[in-house]
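One structure follows; several queries about it will come next.
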Amino acid sequence: MNNKQEKIYSFKNDYSEGAHPNILQALAETNAEQQAGYGQDDYSKRASNILRKEVQDENSDIHFVSGGTQANLIVIASILKPYESVIAADTGHINTHEAGAIEATGHKINTVATKNGKLSPEKIEALLEQHTDEHMVKPKLVFISNSTELGTIYTKRELSELYSFCKANDLLLYLDGARLGSALCSSKNDLSLAELSNLVDVFYIGGTKNGALCGEAIIINNDDLKDDFRFYLKQRGALFAKGRVLGIQFVELFKDDLFFSLAEHANAMADKLSQNIAGLGYEFLTETNSNQLFPIFPNTLIDKLSEKYSFHIWSEINNQRSAIRLVTSWATKEEMVDRFISDLEKYSTYN
Amino acid sequence: MNNKQEKIYSFKNDYSEGAHPNILQALAETNAEQQAGYGQDDYSKRASNILRKEVQDENSDIHFVSGGTQANLIVIASILKPYESVIAADTGHINTHEAGAIEATGHKINTVATKNGKLSPEKIEALLEQHTDEHMVKPKLVFISNSTELGTIYTKRELSELYSFCKANDLLLYLDGARLGSALCSSKNDLSLAELSNLVDVFYIGGTKNGALCGEAIIINNDDLKDDFRFYLKQRGALFAKGRVLGIQFVELFKDDLFFSLAEHANAMADKLSQNIAGLGYEFLTETNSNQLFPIFPNTLIDKLSEKYSFHIWSEINNQRSAIRLVTSWATKEEMVDRFISDLEKYSTYN
Amino acid sequence: MNNKQEKIYSFKNDYSEGAHPNILQALAETNAEQQAGYGQDDYSKRASNILRKEVQDENSDIHFVSGGTQANLIVIASILKPYESVIAADTGHINTHEAGAIEATGHKINTVATKNGKLSPEKIEALLEQHTDEHMVKPKLVFISNSTELGTIYTKRELSELYSFCKANDLLLYLDGARLGSALCSSKNDLSLAELSNLVDVFYIGGTKNGALCGEAIIINNDDLKDDFRFYLKQRGALFAKGRVLGIQFVELFKDDLFFSLAEHANAMADKLSQNIAGLGYEFLTETNSNQLFPIFPNTLIDKLSEKYSFHIWSEINNQRSAIRLVTSWATKEEMVDRFISDLEKYSTYN
Amino acid sequence: MNNKQEKIYSFKNDYSEGAHPNILQALAETNAEQQAGYGQDDYSKRASNILRKEVQDENSDIHFVSGGTQANLIVIASILKPYESVIAADTGHINTHEAGAIEATGHKINTVATKNGKLSPEKIEALLEQHTDEHMVKPKLVFISNSTELGTIYTKRELSELYSFCKANDLLLYLDGARLGSALCSSKNDLSLAELSNLVDVFYIGGTKNGALCGEAIIINNDDLKDDFRFYLKQRGALFAKGRVLGIQFVELFKDDLFFSLAEHANAMADKLSQNIAGLGYEFLTETNSNQLFPIFPNTLIDKLSEKYSFHIWSEINNQRSAIRLVTSWATKEEMVDRFISDLEKYSTYN
């Protein structure tokens, strides 16, 4: 459970630490004010205005929730009719790690097998061709994540083609941005936040994994999806009594581009790990594009590393080697990255 | 929406301010630590141990969620089979102000009309007699809140009789403690937290309305209700990635009985308001037992008060008079209570 | 359970016998034909065309299902968004005798207390005024039954006013016609089937309680409610593989107005019972308008009658007297009605 | 839609005709009797007793519903807790052709890829290993069909191994017997109805596809799954008012082994088609074991056959050839089978 005691450092995820100090300071400074409840406070309004500027759409509807699974189940349940389904990569978070949250709202997830966690028009088209009548569900929504659960990201061209395909096929496009900061700050990225926002019907910007205590900002661009959204928030238990807590955090995250500089640090730490691991001749499960990397190590090496460091063992490659997941964040200490690298070099000589 | 600008003070609810300073300080002091995610951090464990001592049951299962509606829908959905229903007072929060959250999990709420928001064995018995076969739902769970939505509280005798009745009739008892602190610190209360805990199958202790930024502690005493509860939390989007945020808050709330002293302040402010209002000859919709009071004022007086103060107009008594709801909290300033009273005296002379 | 052995006759309900012989004959005559499945057979199409003529709307969408609860849950679930509710009389079948079928689809039923089982604009308006924001469900659909669960019926004026009110308040109107035949053939009725159809958005015509083996015809008049309805039927397990079985029955029921003549017989038997019971000086819980009557008898008399006849004891009036429910049908034998009356006269002399 | 007019014969499915004449005769003979409603009639009880003898378990609970999707969604929803999932072959009916009926009850279907539509312990074990904590659903139920959607059947050894695996892994086993008659009468079958019943927790015997107008018999053998099942039936709209209609049909189907002789005819017709098709040198998608066969024909030949015969084009093999599905039934006319074969021979000479 708790890494702190046994290990010297954790690369297990990007939510091991608290929040960026600016956020705690802002919470303290505004603490005594009386504010309206349930997201109707000044700070939630201010954060919404800031984000509308960021996405360059003054008509976007913006709502704040406390976590990603909550955002996913509410957005999806608000869009689909009872017989409609959502299409996702088989590695999609909603399909694998949300305990059936989407199905619990009554909807089927149609999955598509992928190598890199990314969906393409071709894969979706094949699925649509199978769904021809009322004996099957009717696919209506496409779910993607950027960065994906495998650390890959969408290029401007890929996202444009996907969105065009959706529009041409009466499908809606939803992007899970739990790790959007890292995606947008990737050296491989060619999308601005505003450009990305313009290429989806609805998405969310993840705060929890990029410096907030909690909080995701749902951005609804498609007018058809805006009505009565607050009813969905309330019905699913997502309407925070002290909505100010979420609003204040996003005000701070987007002050002086803090959100982006935090993500840049996470990516820099990931790149440093990735380059040094590659330099030692190790391969990766997927190309490192963001703050998650998936190096493939001998199991004996993984055992050694596990004595000092926390990380997930992602998948077995063969009975000798496995892929592990290393995750960096806004809070990752470079000295610990260096230490991991030097330990890796040391252990590697034994292999 | 925002009271701050137009009014001088809000008695609208008990979540207008942030958190008690101790909580913000603890969040800051622990901020840099790496902790396990999803409620498996040291602080959530520590808070659970503290609460097990408070309820004097070392076998209680304890889970932290961010809000009351979330707690209610998850607890209720985790207990009931698809054809089973929950019994509640018609004024119960789950029946009136949760946007159909319980029904959205598939369950009917059987309501009972009450004057004071409290359930009794007699009222439940009459309802059970109507439910005789598979053409109707099967009532299985009783939902009560303490303090109730009308500010009333349960006595030890009332709760004991209700729990005995439930056991005798194969019903389970769940208590919504959104305002439990105020109830337990009421001058009319004769229940300790441990005694109350021993008289229900499951309940939650409200933090949001008593000094926390967010957070409710679900206490499961009945062994039959403990298995796999974390699946329900995850499936409903309630498992906080940074569960430490909830754990730390409850550690602080129950350090040196802070939770109770905060509630005592709220009650003291309510009593002061109540006594002075009564002193001016006004009646109340219900007896003031906790931090919510429901004075009945002439509509002209309500209009005058509304110019300076925020509060809910609760219900129309006749075309001349209405009941309003005044709510005090851990953060209510006594000077503002005094000011409200003096304004009330001033305006009352005109009537 | 089984009345046949102990009793000489049952007035318990209107589905104790099989089907009108014409229906069985038609099933036999068409039995060998190969027909398309799932309601796309010739007979379902023919029945739909016949019913479109009956309701005088060539654009009505018509679907056949096997029972009333199935019709109710599918129609309601197809109309409401997750946070929307349906308004019904507290005596409404969906609220009392469908085992939570509507809530199981995720929707709250907002109930209104009534004396005679009928809804009025006034009662609905009061309920709408309480539902002001996203903390509560949003009432969207009004459910009524004709005849009602208390045997009463709606007049043309009442239904017109109700429908106008719904339109003016952005509400939809759904009528449960499980006993529509008896309502339309009531001596008190002033509505034609076409007029009634024109005053609701969607309704169903009950076959099961008026001469069919099984089957209800859902008539959708409002264009907004027509799309993809077959998906809802399939998803809820209501799409009959041999849809011909339902289609053939409705073709027969509406051949030579059989549907209406069967209902007229049921009403005639009810009127005979009602007049003779009244003649003996007994009162009724509600006025007898259709094939259900609710006489109030001394409990001692009820015990005597129970030895020979099956019926429901509906409600206790006081500790001396109770209301029972007598139901007649297309199959009720007049000789048994006469026998019940003579027994009643005999037993009454003793009281 | 309707094949009758354009084609000379349909091999599209096994529910194109009505019911076996014995059933219609029994409905007529019992039509005038007064019987209790909702499955508590004499005939439903008699049918239950007959089936308990057939499965040789006097404690089995037996319920009758009108169709397979209804049976599947009710049984599965009655077994699973909200976070539990059902495991099925990717070709399983619940996964492909029930319009999301299972997900609409809130449950995820975990799918396993198969070649022949059959599940094995190995495939399930691999899936269980991936489901380790509360971030994922908890697989609890295994769904199989016999015969499968690809016409294959389970041997005694296969079913025994699967059931043992389920028991060893705290999984329950449910068998969809929509085409159970054909499976049990297959020349490849080595299971008796009683043996099969003894190797599953719950299953249903399909009547609709083997001579009934409508009706499936759900057999619950596992005591843990029996309580309150009628509540589930009512809540899902599956409790027939005139339950006698279902009971009478199963009494007739199991009189003098009619159920089995009807299935034997269907299989004989399938075997005749299969052998002659093979004799002409054509291959099949799967081995023909029951009343569904999947020959692979040139697309040009399929076009020719389509002019006279109705059938489903199942899947594309390459751009030259496709697999079609031919289905025989209790009502299939041997002369039409012979005609299809002679036409096939004729057309084949052209290829």
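Here the chain labels run A, B, C and D in written order, and each chain numbers its own residues starting at 1.
Following the convention adopted for this analysis, a contact is a pair of C-beta atoms (placed from the backbone, for glycine too) under 8 Å apart; a residue touches a chain by one contact, two chains touch by 3 or more.
Since the model is a prediction, treat every value here as computed from it, not as a measurement.
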Intersection of contact partners for chain A and chain C: B, D
Chain pair showing more contacts of the two, B-C and A-B: A-B
Whole-Å separation of chain centres (CA-atom averages), chain B against chain D: 51
Where chain B and chain C are represented by their mean Cα positions, the distance between them in whole Å: 42
Whole-Å gap between the CA centroids of chain A and chain B: 34
Per-residue multi-chain contacts in chain D, two or more chains: 82-83, 98-100, 104-106, 134-135, 137, 231, 234-235, 239
List of chain C residues in touch with chain D within their complex: 1-4, 9-10, 12-13, 15-19, 21, 24, 27-28, 30-37, 40-42, 65-74, 98-101, 104, 208-209, 213-214, 231, 234-242, 244-245, 331
In the complex with chain C, residue positions of chain A that touch it: 38, 77-78, 81-83, 105-106, 134-135, 137-138, 228, 230-235, 239
Interface residues, chain C side, partner chain B - complex: 82-83, 85, 96-100, 103-109, 134-137
